[in-house]
Structures are given as structure tokens and as C-alpha cells.
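The first chain written gets the first letter, and so on, giving A, B, C and D; residue counts start at 1 in each chain.
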Amino acid sequence: MDGYLSAVVFYVFAAITVLSGAMVALSSRLIYAAFSLLLTFFGVAGLYIFLGADFIAATQVLIYVGGILILLLFGVMLTHRIYDFKILSTRVQFVPSVIVVGCTFALLLAVIFGTRWQMVKEAPPEYTAATIGKLLMTTYLLPFEAVSVLLLVALIGAATLARRDLTSGEES
Amino acid sequence: MQALAQYLIQTFGLPVPLSVLSPLLGFMGGVVVLTAIAVQAMYLIWLERKVAAHMQDRLGPMLVGGWHGWAQSLADGIKLLLKEDIVPAAADRPLFLLAPLVVFVGSFAAFVCLPFGDRVIISDLNVGIFYIIAVTSFVVIGIIMAGWGSNNKWALFGAMRSAAQIVSYEIPVGLSLLAAVMAAGSLSMQEIVAAQDGGIHRWFAFRNPFLFVAFVIYFLASLSEVNRTPFDIPEAESELVAGYHTEYSGMRFSFFFLAEYANMFAVAAIAATLFLGGWQAPWGGGAPIFGVIWVIAKAHFLVFVQMWLRWTLPRLRVDQLMYIGWKVLTPFAFACIVGTGAWMLVFKQG
Amino acid sequence: MTPSEIHQRLREKFGDQILGFEGEVVEPTIKVAAPAIAKVCLFLRDDPDLKMDSLMCLSGVDDPSGDLVVAYHVYSMAHRHRIALKVFVPRENPAVPTVEHVWKIANWHEREAYDMMGIVFEGHSDLRRILCPDDWEGHPLRKDYKVQEYYRGMKVEV
Amino acid sequence: MAQVEIVDTADVKTQEMVLNMGPQHPSTHGVLRLEIGTDGEIVRWVRPHIGYLHRCFEKHAENLTYPQVIPFTDRMDYMASMNNNLGYVLGVERLMDIQVPERVEYIRVIVCELNRIASHLISFGTYGLDIGAFTPFLFAFRERERIFDMFEMTCGARMLYNYIWVGGVSHDLPDGFIEAATAFVDDFEKSIDEYNGILSGNKIFIERTANVGILPADMAINYNVTGPNLRGSGVKWDLRRDEPYSIYDRFEFDIPVGRGEMGTVGDCWDRYMVRIWEMEQSRRIVKQALQQIPKGNVHAAIPKQVRPPKGECYFRTETPKGELGVYVISDGTTKAYRVKVKSPCFVALSVLPELCKGAMIADVVAIIGSIDIVLGEVDR
């Protein structure tokens, strides 16, 4: 009875992630696909919390929902005549693809039920934010700085690309 | 909530196991806060109309419900509920209907980690303030949904502008809060408030000059997050008619309206918690009961300042808004972080 | 300069294009031949001791004599003097050269005269109706104007 | 209704978005439709469409007797009806060569200058609304109500008065008028400082209006722009001083001119500030007129029947919006043969496309507010 409630919530989050993922893949309207991505990221953040990684969950919501999804939506909304553009491709070689998908699915199931998962006792939820901070600033300082330089380069590159090149006589 | 659940089980010997009771209490806490914030938002709407009226040399609502028309927003709420809820024919139906909910969820989810007293908090997340910043980005998605869903050129314009504005102002908000978190040494809201114990001089806003500048930057940037004058470009009446909620009416419009005022209060409460010592009394300490009063008093003062700004300042243009966001607030926020760090090194305390 | 001196000056420059002059009335006016109006106005504006730099008003009038008249009231801010010019055009195909290149405001005044009186201004950059709907028939301010019975299927009551 | 329109295909680029601002739009000061070609936020071209409020004033004027036309002149620029009346009436009086009594001249000056203050108050209030500040509008209306109470005392109407007749005025001043006007004149000085405090000196307002919609002086003269819009561009030209009519030469007042304090000369801020300074000057005129007003019968020179001799006259007066020109042609009967009105707002609107090139959409709203147009006068 004890873990009963948390199991239910876990399956709810898992269902949200999977279903909205399917929606992204299968929806006929591109704009619906973009917006259902919001639920996918939200579901993934929920799963992170179940893993006890609260800092990562918050980062996931902040970066994916707050940044990348908005970028994607701008892209989708600003391209010309996007709404009447059908993206559902016709089915081709339906049978072979079903066979391949079936085999991989069976293989995965076998692996899941075959291995002996060590059931670690329910560890008390220790807070990850502090440890992540210390690790980033001590042992993993070099990769942290390298990534920040990479991001800076990407930022400047994006800015120069997006700058309206006035020199090309566009201002007739 | 965890502590409250254990406390209840020990004293009253409830038969229910802990793992069921604490989520249940969490749920009940959520409902309580939801209604409290909804009532709060209606009160703020009434307060805004009175403040605006008296600043403009007139009286504001005086008739509905007796003394100074206190029931005015109740009447408005009922009117909005009964009003016909028009969905434009060419609108993108699912998006149009979902948008207000997403905006509503975005602004209400931030109240989970706001401490209103010593132990009066729904769930003291370890990543408290970071969670709040993350959750408010839902509002942007809701606004874009509304703009695109209503299939109206002006609404789309408003949605684009507000998305760009909120995304670019999240950076100064995040950085200025980072300065306060550095001084407190933890992300959890209760620990941040605890770090400001011991009188008004210990509050982060007054602890060192950099933190005071960070407080001002946070307040300005949060004004823009909530689309309040002088940053209310998305609903610039004179240009974009009414921005992203042009096509909404009735119940759905009241969602947007309520969400805006709830967001206003949330932003003010965050500023009060992080920079003005949350539920600490100005002379330090502060029993749980009075703590609630202190937080609400500080938040209301900041909300009053927001209203005061709205009724005096004109509106900025979009490019000026972006200029202030990127070229003024963000560099100053970086300077505050560096300054606070140096201050902590030199004086060995936050 | 007094109106008669202005008239003398124009007679020297344009000879018989300047048809007449009425000095003793409240509003001294000079009658000018239609084809020459553009050159006369340009001269009025650019001549150093005339310098009529502002076109006060350009109005279309349905003259009792049956012709249509375009009246130009011009003023010089530098010399503080003013004069009125009149151009008479036949009612059938009233055509007057435009003075839009001399004073930019003439663009809208001429569009209004075309809309109300039906006077066509040759060389005008964008001669469309300005006050009435674009597909309105007739020119309302003419004395012999009859309102059309139906406009786009709607009965026009007068 | 589909409008048959010749769209010049010269500059219609593919990615350009054509926006329709109006005719019902919160900030177009009346029924004006602006077709704006934008590229993102930048405005490429603006094409105004007017005529939505065309009520055939000039056709009516040909079928009514002279006194019957006066209520129509009220409705042209409904913000400053007194000044419209004065413009038309002075034209007719010049034709008939009527000499009105001294008291009438003073009453006309007092009433017209008060109406100028009311019109400038409206332009100040709505300009605040266009830029986004709500409070100035209500401050302006507080003073404007006092002026309307005085007018209601005098001629029974608040906005459209039919007060100035050919040869005199409809009613003499009621006894409470002089005291009320003197009280208003004394209090108004303090209110102007209040307006400057709330809007003129506001950094965001300056940011939004300085260097926006710059109108160079020579283009202004070529477009015959007049009034506060011309003085905002630095040209010191005011009919009340340079071509004095009525008794304006007896009063001592100066002409405020835009000096480009907050940006370049002739930007929105200058035009706005010229109107604020002008309110102060009008206040001084009313103060002096109230002291010097003589006694007398206001109906003395009103003719039984207005029948001007055959002839024509073009008379110009300085209204709050600019130079209102009335061209009256009479054929000796009791009805005018032709009355043509040249409206300052019509002219100011024709400069708008020139001012809005390269501006942003928010600036278009600011520029419309700064040239202070009233569509009743544009469409006539």
C-alpha cells in the first residue's frame, strides 16, 4: 500500500511523455506537433523528479520549455504558409517496417525481464543542487569553462548570421 | 507538508499511513492557496481601480456592495462568468481553448514554494527559486498559443512581441536572483529567509549596495515579465488594440485577467522573500502567525508600487524595451553578481 | 508689393497669358490662361521679390458664367503680400495643368477639386477621389448635380 | 464594400505586410484609415484614406442663409467650435464691411482663447493616452470641465455653441461669468506646471517623442502646414501677431516656437511643447481681456437680414489646429454662392506619409497624436 500512490503518479507522467511524444510524431498539423512537445518536456521533467534529480528537472523545464520550444514555435509560425502544408508522408513498405519494429521490441522486452536489477533500498532523497555546484566548480571545472566558451561562440555566430545584411542593397 | 503530516499522525494517531497523508495534505494545501490567490487577485483588481482613481483625481468604484464598492470585482467576476464565451470561427479551436489554461497554470504553479511563515509553505523544494523561474516560462507558451490560436493579425503581433520580451527579460531576473542566492548560500526559499534573520539591516536588499541594485533590477525586470507598464507592449491598446487576448471574452478572458494579477502578486512575493526578508519582522524573529502578515504586507507594498508605476509612466517602444533588457539590465545584473561575490570574500558574510 | 505691381510684373513676364486683373474689389485677382498656370505659379514661387512660398488655398468653383474656375490664393511669408489667381476652364472637359511640383499641398487640394468639381489636373501623380467613395458617380459640388438613385444597390435618399 | 483601388504595384514586395489601421482604431483620433506597408516593425509607406466623416458642409452652405450655416461650422472642428464660428463670421463681416461694438470684440477674444485652451487640453490628454500614460487625460478633463461650465453659462451648450453671429454674439455674458473666468485664469497657471510634471518632463515620454516624426521648416512651408505644427518646426508664424484680425493687436503675448530642446527642431516633442506653452499665452490674453472689457449692447450691429454685396473674400484666422481659411463668394442674395473651407488638419494629414517613412508602428501612433488632427474638419 505504501508505494501505491507514487507508482500511480509515475505511470501518469510516463503516459504523458509517451502519448505527447506520439502526438509530436504523428500529428498532421505541424503547429499541434510543436505545442504537444510542451507536454513531452513536462513529462520528462516529472520523470527526473522520480529519479531524485530535482535540479535537473528544473533545468529541463527552464531550458527546454522556456527556450528551445519558444524558438521552435517562432520558427514554425514565421515560415510562410506553414499551416496548409501536409507533413504526413504516405505509407511505404508497411510490412517490412512492422517486422523490424516487432523484433526490436521483443529484444528490448527480453533484456528488461532477463537482467537482475539490484533493488537498492529506498535511499533518503539527498539534495543534488549543492553537490552539482561543488563538482562543477572543482573536479569538472575545465569542461564547464570549455562549454561556456562554446556557447559564447554559438551566441556570437547566431547574432552575426541573423543580423540583417544591409550592405547587400536590400534597402532599395 | 511532510513535517505537518508527521505532526498530525503523532498527536492525533491517525490510522492513515504517512505516504498517503502528505500528498493529500499537499493537495488540500494547493486548493487553499488557489482560492486564497484567486480572492487575492480579485482584491488586487479592486485595489488597482481605487489606486488609479485616486491618482487621477476621481473616486473609482463606490456603489457595488457598500463601503467604497468593495464587491466590485466580485460583480465583474460573475458578469464575466455569465458572459457569452465567443470562439471566433476561423480560430484554431484546441489552441484557442487551451491557451488560458496554460497561462493560468504557469502563474499559479509559482505559489508552491512561496513561504508565508515559519512552517507555512506548501512544499519547501530544495531548488525553490530555480523551480519558480522555470515554471513561469509556461506563461510564454500560453501567450503564443493564444496569439496563434485566435487567428488574428493583431493578436499574433502581440504574442510575438510578448514572447520576445519575456524571454529576453528572464535573463536579468535570473541573474539578479542569483546575486541574492549567492548571499544566502541555498536555493531553498526557507533557508534564504532564514539567512536574512536578525533585523532590517540583515535583509538582503540592505545588506550591501550590490544587492540593493540587484533588488531594483529584479523589480524592473519582473515588471516586464508580468507585462506591466512601462513594459506593457503586448497589449499596447493604442497600437495592437488588445494584444494576444483580443479575441477572448467571458470566462476565458477572466482567466487571463486573473492570471495577470496572480502573476503580479507572485512576482512581488518573490521579491519580498528574497530581498526584503520574507516573513521576518523588521526587528528580527517573527512568530508564524505574524510572519504571514509580514509577507503579505511587503508583497502588497511592492504591488502598490507596480500600480503606481502603471498610472504615471507612459509605455516604451519595442526596440527601447529590448535595448534596456539586453544592454542595461543584464550587464548591471552581472556586475551585481561580481560585486556580491567580492563583498562576501572581503567581509566573510553575505 | 501691391496687387497691381504683381500684375504688372506678371504681364511683363508672360504677356497675353495674363488675361485680366480686378484691383478694386475686396480680393484682388488675376485671370490667367489655363495652359500657362503651372509656369506662372513656378515663377511666383521662385522670383526673388515675389517669393510666394505658400499656397493658402486651391478651390474649384462653378462660375455663374457656366465655366468651371480654379482659384489659387497664394501668400508670401517673406514679403507678407498675397494675390489670388483664377483659371477659367470649359465645363465639358475641364483640364488644368497640375501645380503639385510647385507646392506639395496642391496634391490633396487638386484631388478634392477633381472629386467635388470634376476638374482633371494633367500631370497629377495620384488623381483619385479623396472624399467620396471611389466609385461614386457625378461631382457633388457642381450646380447641375443630380444625386444618383442607387449606390451599390442601396437607395440614396436626399 | 470592396473598394476599386488602383494599387501601385511598384513597391509591393513579397514579404511586406500591409496593415490596416482604422477606420475604427483607438488612436486615429476619429474615422481615419491608414494603409501601412510594414517590413516587420519598420513602416515603409503610409497611405491615408479619408472621407468617412464627409457631411457635405460646402453643399449645405450653398443652400442655407448665412446665419443658418453657423451651426454647421461648429461641427467642423468640434474641439474648437468658437474659433470655427469666428473664422466664418469674420469672412462674411469683411464682405459686408460691418463694424462690431468693442464689447463684442472682447467677448469674442475671451471665448475663442478659452476654446483654444480646451482644444489644447484635449490634444495633451489624448497624446498621453497614445503614448500609454492614462493619468494626464483625466487631469486635462478636470480643467476642461471648468471651461465648459463657463460656456454653458453663456450660451447654454458645452461643445457646439452657435454663439458668434454675423455682427455680434447670441447672448451677452451672464453676471457670474467674469468672476468664474478670472478664478479659472488664476488657477490654470498651477495646472500647467502639473501637466509638465506628469508628462512633458517624463524620461520615457521624451524617449518616445524626441527625434520622432521630424518636420523640416521648408517642407512645412511648402506643405502650407500651419499653427502649432509649423511653430513646432521653428517658424515664428502666428496670424494673431503677423496678420492681426479682430483686436488681437491690443494684447501683449508672445509666440512660443520649437527649439529642439529634447531632440531636433520639429520633432513630436516640439509640437507637443508648443501647444503647452500656447495654453499659457492664451491664459495671459484672457486675463488681459477680462480686465479691459467695456460695457455695451452686444446686439447693436446684428443686421436684420444678412445680405452681403456681390463679391468674394478669403479670410484666414488662427484656430488651435492652425490656419482656417474661409473663401466666401456671395452673389448678392441671402444665400452664399460658394463657401470653400481650407482646414489646417486636412493639410497636416497630407504631411503624415512624409513624416512616417522609416518610423516604427508605435511611432506612427505618436506622430498622429503630435499633429493633433480632428477628422470632422478634415472631411468637412
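General observations
What we mean here is this: a contact is a pair of C-beta atoms (placed from the backbone, for glycine too) under 8 Å apart; a residue touches a chain by one contact, two chains touch by 3 or more.
Owing to the predicted nature of the structure, the values given are computational and were not obtained by experimental measurement.
Note: the chain lying farthest from chain B is C, by mean C-alpha position.
Averaged C-alpha coordinates put the centre of chain A at 72 Å from the centre of chain C.
Averaged C-alpha coordinates give centres for chain A and chain B that are 27 Å from one another. Mean C-alpha position of chain C lies 25 Å from that of chain D. One inter-chain figure worth recording: chain B and chain C are separated by 64 Å, centre to centre, where each centre is the mean of the chain's CA atoms.
Touching two or more other chains at once is no residue of chain C. Within chain B, contacts with two or more other chains are made by no residue at all.
Counting partner chains per residue, chain A shows two or more touched chains at no residue at all.
Taken chain by chain, the contacts run in an open path, each chain touching the next and the two ends left apart. Interface note: chains touch in the pairs A-B, B-D, C-D.
Residues 1, 3-6, 50-51, 54, 56, 58-59, 94-95, 219, 221-224, 235, 237, 242-243, 311-314, 316, 323, 325, 327, 329, 331, 337-338, 340, 342, 346-347, 350, 379-380 of chain D are the ones touching chain C in the complex.
The touching residues of chain B, when paired with chain D in their complex, are 52, 55-58, 153, 229-230, 232-233, 236-239, 241, 311-320. Looking at the complex, you find that chain D touches chain B at residues 17, 19, 25-27, 41, 128-135, 138-139, 142, 198-199, 202, 204-205, 207-208, 360-363, 365. Partner chain B is touched in their complex by these residues of chain A: 1-6, 31-32, 35, 38, 54-55, 57-59, 61-62, 65-67, 69-70, 73-74, 77, 127-130.
Looking at the complex, you find that chain B touches chain A at residues 17, 19-20, 23, 92, 94-95, 98, 102, 125-127, 130-131, 133-135, 137-138, 140-141, 144-145, 148, 156, 160, 163, 167, 170, 186-187.
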